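Look for subunit A in each of the two complexes below; its partner is subunit B in the first and subunit C in the second.
And then the complex of A and B:
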């Protein structure tokens, strides 16, 4: 309860700060919308020549793309801004101030800011997916919807843990923002069905950068390509990831020394 | 002429030294250059496979998997040679006032930047050469290099570098008026990538989209030399291609002069 109240405060203050940079944030959103649009155009060009690619139909690929875009939005809204803050705070030593507050550091550090404008990505993604599901003339049954929500939530847990581990590395290496760039490049691969990639890359996208769990699995759940049992696997992976990353964070924190120490 | 050679030689030496200090950023740019075309290749290979080995457009252009491999590999290399990221750098300079000392030098900042860009291309291309060779070996593209076409492609690439560079520099100069240009740049990069053929070869674009892509400046910035090297462009279209390039180069120079003059009136360093 207390955490929820705190989160509400974080949310309000974030919106207030964001309001100061309206033009920039709106142009960022237009830029990311355009990126979505060109990917859609590229895929629709490919699908004028064939009706299915590795078992995926055009509407199914569109659903996948909207899940990609949804995840991109959620990461940029909740996860990435906080993690970037932590990296900066470790570098200039201001993490001290967080450590002194009477709230668990991990909660405070990773839920502090919300990049509210990215909600546009989330809304566009939801719109695109419901539109394509309508076109798919698939009736999304209760089980399917449930599987989707569960796998999506599990995916959020996995990507959160992934970032937390990455950020914890700053305690030793100080500069990991370059690695962030490389990970975004790997994330790009998630916009297409992972079956189109060679086996080694598919494995890398499942186990190294967990793109498969956070994008492909929820998308397949929504289009009815996988059942509820997959959701269980996702939830287990997510729980383990959350636990391990949290332990790693606490371990890393011991190595943190203020800027002057 | 001797003066300009000396100016550029000095800038090149300086830029190469700086480049080696930022090895990691250089690596990231290189990865960015690989990912897009390889993703494009993956999706088109899968589509070709679904079609039973080759894709034929309404205009009778045929692509097999090996043709796609050739296209995206050559596209990757030409893109690397013609791409630049200076737009981001320039905005930075305007915002923090770093542009001021550069304005006091006896040559326009753009000359230093062009030299810098050449140094970047020389250093990174040497570093990437083995990777490109490996990709050629692994992906088995269907390509028959003809000496004549490569010789013709060299001036086309050179013009493409200049055009792309000028357009991006012009875009960067919007920083004189708006200070935050990252989002505008991102927008521009997205359009550039799509219309130059980063996601799909222009020859496969349907109807009106194909027409837009054909006349857009982005074709002159990357696609035209790619088409020459691949031997996909009939020889009688070489001349029109070069004429388009010269037209866009002229447009770029004109725009640059206009924006630079306007921007200089607008620009005042912090504290002025």
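And then the complex of A and C:
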């Protein structure tokens, strides 16, 4: 409850901050539509030569793409701005202020900011997915919707953990600007069905950087390719990731305050 | 009634491991894989006790160990060895019950969000410290009055001047009515009028709520205006702990005399009386050991043609300077 109340306050002040940058709202709309259209154009060209790629039909790939953009929007809205802040705060020492507060630092550091205009990306992605689902003339039942929401939430937990682990490295190395590059490179691989990649890369994208769980699994849930039991696996992976990243963060924090020596 | 002290520090020590890098590309490349570390003892086992409601000045040159000590007492740094209890808590365990009663203001860093008005940051702090609405309003009204914040609260923080920002910073740090307050250079870069205002405010706040305050400042005026007691730290060791007024007697047992002469004289001619602090035409300031005061003054009066003569204690800045020079030598 306490955390929910705190998050509400954080959310409200974030919106106020972003109202100062209203231009961003319009540039967001244009940028996200452009990105979507160019990827769609590329895909539709590929699909003029074949009706399916590794078992994925064009509409299914479109659903995957919309999940990719949905996830991208959620990351940019809730996760990325906070992770970027942590790196900056370690560099300029303002992380100290978070350590002084009577609230767990991880919560304070990773939920403080919401980048509200990124909601545009989320909405565009949702629009695209409902459109393609209509095209597939799929009816999304209750179980399917539930599976989708659960796997999507699990995916958010996984990418959050992955990013938190990399950000924790700043406690030792201070400057790790390429971290974001690593994350986005891996994430972009999830824009296409994981089956199109060679086996070694597919394994890497499932077990090392679990992009499969972040994008492919929720997309399959939405198109009915997997059932609720599969969602359980996703939730387990996410829970383990959250636990490990939190432990690593605490270990890093100990190093930051000199308690580990 | 004897209350237990708010702050007890015993043999507190902090050793930093500092990454040592030699100049040159080859050395840089080597250090990428194998780093050499050097140990630096920033705080060398200091001990002191502070009673509830005291305002204590923490003095020392840059790198003396002031901030390191304050960081340990606020739980931001883990000590290498030693003990500390603040309000009965071990600071570096960072228990929420302790952090709720603490504030640490750093003059050179801001906890306020840059792009939103200070008022919104206050509301965030209200949520973080779980301050009940009524108490929040009361405290806020008081702070707004004392610090004259009325017009500042609604402007984005980035549009405030340094002094205005500092006032908001102080307010943000005091909303939860901390029992222990660490002020690290609170008047840094602030103009003189504002410095006075901030000083008055700290004194008033301390009287009203009886919070225990440790203050570090480069401006001696801050310390002389607020602190009865000072801790002098240098190279990580505590040199003096006691009354500000006795500091000069204890560590710098000097007196000064300001002379107004009928005719200007050469600096070398004063050597037999004491050290020349300043000479400007016929106005001279001399310094000599405290116990020689009467002897020197009577000799000056008989041997020179004196228009006016004032005996005084050296300025506190000079005493501090002397202390640090003495230690370095």
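As a working rule, the second predicted complex is superposed on the first by the 252 of 261 C-alpha atoms of A that agree within 3 Å, B and C clash if a C-alpha of one lies under 4 Å from a C-alpha of the other, contacts with A are read in each partner's own complex, and residues count from 1 in each chain.
Operating definition for what follows: a contact is a pair of C-beta atoms (placed from the backbone, for glycine too) under 8 Å apart; a residue touches a chain by one contact, two chains touch by 3 or more.
What you see is a predicted model; the values in this text were computed from it and never measured.
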item: Three-chain arrangement built on subunit A, subunit B and subunit C clash or fit; value: fit
item: Dominant contact partner of subunit A by residue count, subunit C or subunit B; value: B
item: Which superposed partner A:178 touches (first subunit B, second subunit C, both, neither); value: first
item: Contacts of A:50 with subunit B and subunit C, given as first, second, both or neither; value: first
item: Which of subunit B and subunit C A:39 touches, first, second, both or neither; value: first
item: Touching partner for A:127 - first (subunit B), second (subunit C), both, neither; value: neither
item: Partner chain(s) touched by A:227 [first = subunit B, second = subunit C, both, neither]; value: neither
item: First (subunit B), second (subunit C), both or neither touched by A:10; value: second
item: First, second, both or neither for A:192, with subunit B first and subunit C second; value: first
item: Per-pair minimum CA distance [subunit C against subunit B, superposed on A] in Å; value: 10
item: Doubly contacted subunit A residues - partners subunit C and subunit B; value: none
item: Subunit C-facing residues of subunit A, complex; value: 2, 5-6, 9-10, 13, 16-17, 20, 92-94, 96-97, 99-103, 108, 254, 257-259, 261
item: Subunit B to subunit A touching residues, read off their complex; value: 24-25, 28, 31-32, 35-36, 39-40, 42-47, 49-51, 55, 57, 178, 180, 182-184, 186-187, 190-191, 193-194, 199-200, 204-206, 209
item: Sites on subunit C touched by subunit A in the complex; value: 14, 16-17, 71, 74-78, 80, 92, 94, 96-100, 102-104, 106, 109-111, 113, 115-116, 120-121, 123-124, 126-130, 156
item: Residue ranges of subunit A touching subunit B (in the complex, touch as defined); value: 21, 23-24, 27-28, 30-32, 34-35, 38-39, 41-43, 45-54, 178, 181-182, 185, 188-189, 191-193, 195-197
